[in-house]
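In the two complexes that follow, chain A is the common piece, with chain B as its partner first and chain C second.
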Partner chain A sequence: MKSTEHGNGTAHDPDLLLKAALTRRDFLTRAAVASGLALASGGVFAALYDGSGPSALPPEKTLAGLPDFSLPEFAGPKARVAIVRGPDRAQTLGRGLDALGGIGRFITKGDTVLIKVNAAFASPPSLGATSHPELVVALVAQCKQAGAGRVLITDNPIHNPESCFELAGLAEAARQSGAKILLPTENLFASVSLAGGRLIQNWPVLAKAFDGVNKVLAVAPIKDHHRAGASMILKNWYGLLGGRRSVFHQDINSIIAELSMLIRPTLCILDGTTAMLTNGPTGGSMADLAATNTMIVSTDPVAADAAGLSVLGRAPEEVPYLLAAQAMGAGTVNYQGLDPVLVEQGG
Partner chain B sequence: MARRKTAVGPGQNFAAWSVLAVLALSALWVGLKQADFSPAVLTALSAPGTARSSAASSPLGAFLPAGVEGFSPVGGPEFFSPETLPDKIDGKAELYLAANFKELACQRLTAGAGGFVEVFLYAMAEPTDAFSVFSAQRRPGGTRLDLTEHGYLAGNALFLASGPYYAEFVADSQSPGTAERLTSLAKNLLDRLPKTQGVRDDSSLFPAQGLAPDTVQLLASDAFGMQGLGGVYCAAYRLASGEGTAFLSRRASEAEARGLVRDYAKFILDNGGKELPLPAGAPLGARLLDALGDIELIFAQGSYLAGVHAASSPEAALELALNVSTSLGATPREGGQ
Partner chain C sequence: MALRIVTARRVSQGFFFLLLVWFCVVASLGAAWYQLRGWPINWLLTLDPLPAIGTLLSTGTLTPGLWWGLAIILPTLFLGRVFCGFVCPLGALNQFTGWLARLGQGSAERIADNRYRPAQVIKYLLLVFFLASALAGSLQTGLLDPLPLIHRSVNLVLAPIFDRPFQVLATKPRFYAHAWTLAALFGAVVLLNLTVPRFFCRILCPLGALFGFMNRFTPWRIGKAKDTCGDCHLCEAHCEGGCHPSGAIRTAECVLCFNCLDVCPAKRIVFAGQPSAAGEIPLPDTTRRGLLAATAAGLLAAPAWALSGFSGPNNNPQLIRPPGSLDEDRFLARCDRCGQCMRVCPANVIHPTLTEAGIQGLWTPMLNYRLGSSGCQPNCVACGQVCPTSAIRPLSLEEKQGRGDFAAKGPVRLGTAFVDRTRCLPWAMDRPCIVCQELCPVSPKAIFTRVVFAPVRGGAGKAASVQGRTLALTGLTLPPVNLASGDYFLRPSALPTGGLAAEPVQVAAFSPAGLTLAREPSKDLGWPAPLAQGQEMQVVVRLQQPHVDPSRCIGCGLCEHECPISGLRGIRVTSENESRSRRTRMLA
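This part shows the complex of A and B:
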């Protein structure tokens, strides 16, 4: 005799037990719960699923480039260059600006000015690897004198930015002159694709540092550069790039030429008061430096660099990126053809 | 009590299996999607504007100067690999990478009165690699060090190579005590470095006559602008007949050395040079070329590629080439001499 759970309470038949445990109502209830769970799980998956996946950059609009800060009255053959000889940076800068009509031709009342310096290394001014603080102080004073509302100083160094600006004396220069250091924080970078560019495509660029800026001044020292041949105004734009930009060292001439198209400054100040003739771009020994006593002020960055090359004793043919930048329309290597103003500091 | 229905029908089975199938498919879908991880995420995880990186520690750090009187470390040392070296020295990284760079350790030290010294210790694969980067950056007019075979002081900085290591000690300024302080740091570092046997290299093969002091270099790559030509020792000479740079490079075989003579001559000719008649007495099989005003004389001797680069005249090139040839050992001459 088979017993049932409803009989004497003892179950001997497993089949019967199973069948007895599941009623139609139980089944429907459980099926509904399971289906609900499945649907809910699917809904959660769907809600969490990101079909495009995370991108290399924050999900923002890719910029087509940076604004053009050059002045139309100095476009093309109307570009101007001044080459001033002398050991005092403030004086040679002043002479150079005067030769081009004075700072007032470039900076007007209320302007927000961004000075792009070379602060690439945590290195003291004495080693000549970075823009010299004396020059920055003098330039900020000129801008303020012309009525600039705000003067910002920026760069994206390869070392820790705070250390670089401090050790290079640029932070103190900013404090002393009333300018503001704009550190390259993440929120200042945006994805940029240069129209016609091959390398600058969806690449992080210090683009938001230019927000609200209407004048850009490029300030760089004249240096030897092991990879590029020379580091001056155009090479200094490398500091606008973010990300693992050292990958571009494999095609350094192309990236510098593209940078020359990415940013067109209002004015370039190329400092050859002391030039790094060997072992650049870092140098290390004062034996790498020479007192070349030259300040170049130019509206054309390519012309500025071509003039700077003469300080290094090199020709444009030895620096391919300069010829490439010229071919792309960023300026001319024939600075002599621009009828440069030559000035002696004491003259 | 009502009797319960005990059989599970096909519809119920189907529904149950469907639910299980939906769950299994959902799990599979999620698994596949999450496995398809974009490499761009790796970039996104590092801040876009700040790709700076350095390792936290390395055995190389144990060789950095420590406990030197008058110096205190500022923070910990930094370490850089071949991948991160440009983060520290930017465009100069290629000089080291071409010479089998392995690792860089850096330490900044305060040196009293607000001054500081930064120490760079480069580990290279071989002693010749260390000599290569040392010699490629040698500043003229430096003061030689007694501490080690390859070392000098140049103003605010001291540079040395020892075994497979190359070191720089860079002070932020130069004062009367700078040389002494940098030397004490260098001595401390040399005491810490593993002791290595003196390595005989081919720099000793250069003839002494007319050799300009401290000009011997080892070019790791692209010697004299010729792509792929590496492992070339060169040295500057001033002779009565003129000036020039002697060079020599030991190759794997005589055939390779002879092949490089042809390749180098072709490189000169392709870049606007022209062949000159070979004077009597020149090493057998030598080539004499005018490279836009600079005279080049190249030859192979045994497994050595050798010659003279950028000589001021054919006479100077021949005199120096013969001196180099004599240093390498007797060899047949053009014209039977």
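This part shows the complex of A and C:
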């Protein structure tokens, strides 16, 4: 190589720039560096060698289900149901809870309570497509009265979540009552493979919303539903699913029955103060609603829905998921057999 | 110690840049203080006079809100390009990038970088082209107007990328179709500062060009107080406009950075009511020939684009514009491609076009029902409320939904949903579904169903034994379906009547012992009673097949968004019957 302008080629050069002639020392240094790089690259290749190749689907950690939030003292035939008649949600809720022994039987001091509402649509409370804010405010107040620590409200709606909670009046209800809206951000979802489930396998579920939660309250309106027959407590658990959950409509009764196994709430509040009799579950017009003046408070979600069906004037046979949920052990369709407390409330 | 003018300039640039960032952050629909409620997120866009002048030419009217442009036009007429030096957030970003790239560089290189370049005339020709095309009815200024450019770059590219791990701006990660093209332009604008400082401002910016024409008669101007000086050229080492302040200054190019005035060791450069002692070149270097060519090109471009018939018989049926959008011709006379509608849409359903609206409609808004987090929500009118140029009219909820005063007119229709019977599960695959019907937000629903009982493949068998409601069947070769799901029924076949008179009875349970029916079959149901062994039976599935009532469909796309067929949906909205156009009317 020809001499360059970089130097005279004799002195040791710490920058290892190429010279007219390498000194022995330069040569040895360069050889050492080259060997080091060769070893390092070989080491990296060896360390990351993957003889088995990629898996068919991306690997995924999956949970076996959600915790059970139901109370053992209300298990099976010990379940309790109250059906209260009246137009004022705060009052009918209060009477219903009293009939079951008061909120204190369900919520104890320091509890972290998660209320799963129906916030599916960005539509105003007057249209009855979502859980009513007055009911939520009253329920949060009851929880706080019983000494609950944090009260969270969540759902994974169909329209975009912020609009849903805001327009349905639930965000304001939370602000008013001191509860917190838990928006269904991506990081709250985890893959769940329900033990004994056929459809809920490796499916994203709003599972991390339950972190630190020890009581779950289900709050849903009573609505017509063309495909499922009716949308009440059990159908409302659809809002725990993420992903392209609409594929499950092909077997809607089975998915709802599996949801009844996935989540066992502490208490269910089924609101039939105004029921959506037609054009459900979206509604969209006051003409779809009727004043049915019924509030159902139940520890058994299947019994709650069975009682709710009578508000819609439908028979359990028209709603196969109820029988399927009963067969899976989520509760009983025969709510009459649970000796429900009936409260007639004036006004 | 008096405040140095360049310090004031830097503070002002920083303020407006932070204001831009803030307006981009708070553009999320919501009631919290860090959300849209009350914040004037369009203010910077409307300070920019180019949308006002562009739409004035294209529509002959001034849209309310755009008069804010006067707040910049007036000082420009008296002082020069204050906007470029003190306000423009993109200018500030360009200046900062250029400064960063030249840290440690010597004066000689800087002086060479900041020399006047003949290419600086390009921006004037671009401006003239854009204004001529606006005059011919097609508003294209937004492509390179720095305010729309930086708004859409921050809102549709940077914010979604940086918010993704935090989910502060949106609960679901935002998507923007073709956003990489916005990113490419933005990236190019920023990186070109490495070659020439403020490359975009000096060479491409049509808004800067507009100001360059406007400051022809400014009473106050930058210039040398005395022609003679030490010829140190330090002024040019820091000149942001490339306007040659050491000699005959090109006032049209001066961006009022005031660096020359600040660095001149002899304080010979002043901002005063007198021309530069070294002379000035008051007008851009445009030639009459160049201006004529740019005008002609602009005037011809719009009619040339129109030849494709995109706003006529060759309209793209996939192009669903946001609710309240004007008809295509008037829409393209107004849309400034600022992306505010796309940013504010809570459902993330509005996306920039690439070629869907033709080349003349690049980066204008269209609805993409697959990318959004839902279809167009019936109780939302946000896009029209933020549109600064009224390309999307500000609808009230009443008008959008066709209530109250608008009851006779009916709701705003974006298009019409069509069921694709070759893909829809109940139509093509014998699978129950009707998610579309469930989510149709119209009351009464625009999607209704008709029930059919379809024979299940491999579902023909013979009754082997009958015990009450339980039948053992032989010969079934059923696909893996859940017979007990409530959707499957059984009926006798090969009856003298063909079996069709026999009412199907729901299957309640399915086990190796056989099928258990939900009720006892009887003569009332048209079944032979008692059911004989060897009776031929058929498993049928109850399908609710969806139909669209076009007189009720508003084209909101909630059905298309939720259709479980994840690729090409089984129900899709196209623009037929959209309210915004008389010519796409579909119904007699």
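Remarks
Everything below uses one rule, namely that the second predicted complex is superposed on the first by the 285 of 347 C-alpha atoms of A that agree within 3 Å, B and C clash if a C-alpha of one lies under 4 Å from a C-alpha of the other, contacts with A are read in each partner's own complex, and residues count from 1 in each chain.
The definition used in the following text is that contacts are C-beta pairs under 8 Å (C-beta built on N, C-alpha and C of every residue); 3 or more make two chains touch, one makes a residue touch a chain.
Bear in mind the structure is a predicted one, so any value in this text is a computation, not a measurement.
Touch criterion not met for A:I181: it reaches neither chain B nor chain C. Once the two structures are overlaid, the count of chain A residues touched is higher for B than for its counterpart among chain B and chain C.
Shared-chain residue A:V140: touches no atom of chain B or chain C. By the touch criterion defined above, A:L309 reaches neither chain B nor chain C.
After overlaying the two complexes on the shared chain, residue contacts for A:S285 are found with chain B and with chain C alike. Judged by the touch definition given at the top, the superposed model places A:E166 against chain C, while chain B stays out of reach. When the two complexes are overlaid on their common chain A, residue A:P320 makes contact with chain C while staying clear of chain B. Contact with chain C, but none with chain B, is seen for A:N253 once the two complexes are overlaid on the shared chain. In the superposed model, A:S126 lies in contact with chain B only, and not with chain C.
Touching of chain A by both chain B and chain C, each in its own complex, is seen for residues 121, 124, 158-161, 184-186, 225-227, 244, 246, 249, 252, 278-279, 281-282, 284-285, 287-288. Considering their complex, residues 6, 16, 18-20, 22-24, 27, 31, 34-35, 38, 41-42, 45, 49, 53-58, 120-121, 124, 126-127, 156, 158-161, 184-186, 188-189, 204, 206, 225-228, 231, 242-246, 249, 252, 278-282, 284-288 of chain A touch chain B. The residues of chain A lying in touch with chain C in their complex are 121-124, 158-163, 166-167, 171, 183-187, 198, 225-227, 244, 246-247, 249-254, 278-279, 281-285, 287-288, 317, 320-321, 323-324.
If you check the complex, the residues on chain C that touch chain A are 28-31, 167, 170-173, 346-348, 373-374, 377-380, 425, 431-435, 437-445, 449, 482, 484-487, 506, 508, 518-519, 544, 558, 562-564, 566. The part of chain B that touches chain A in the complex is made up of residues 1, 4-8, 12, 15-16, 19, 22-23, 26, 29-30, 33, 36-38, 40-41, 43-44, 46-52, 86-95, 137, 139-142, 154-157, 159, 168, 170, 172-174.
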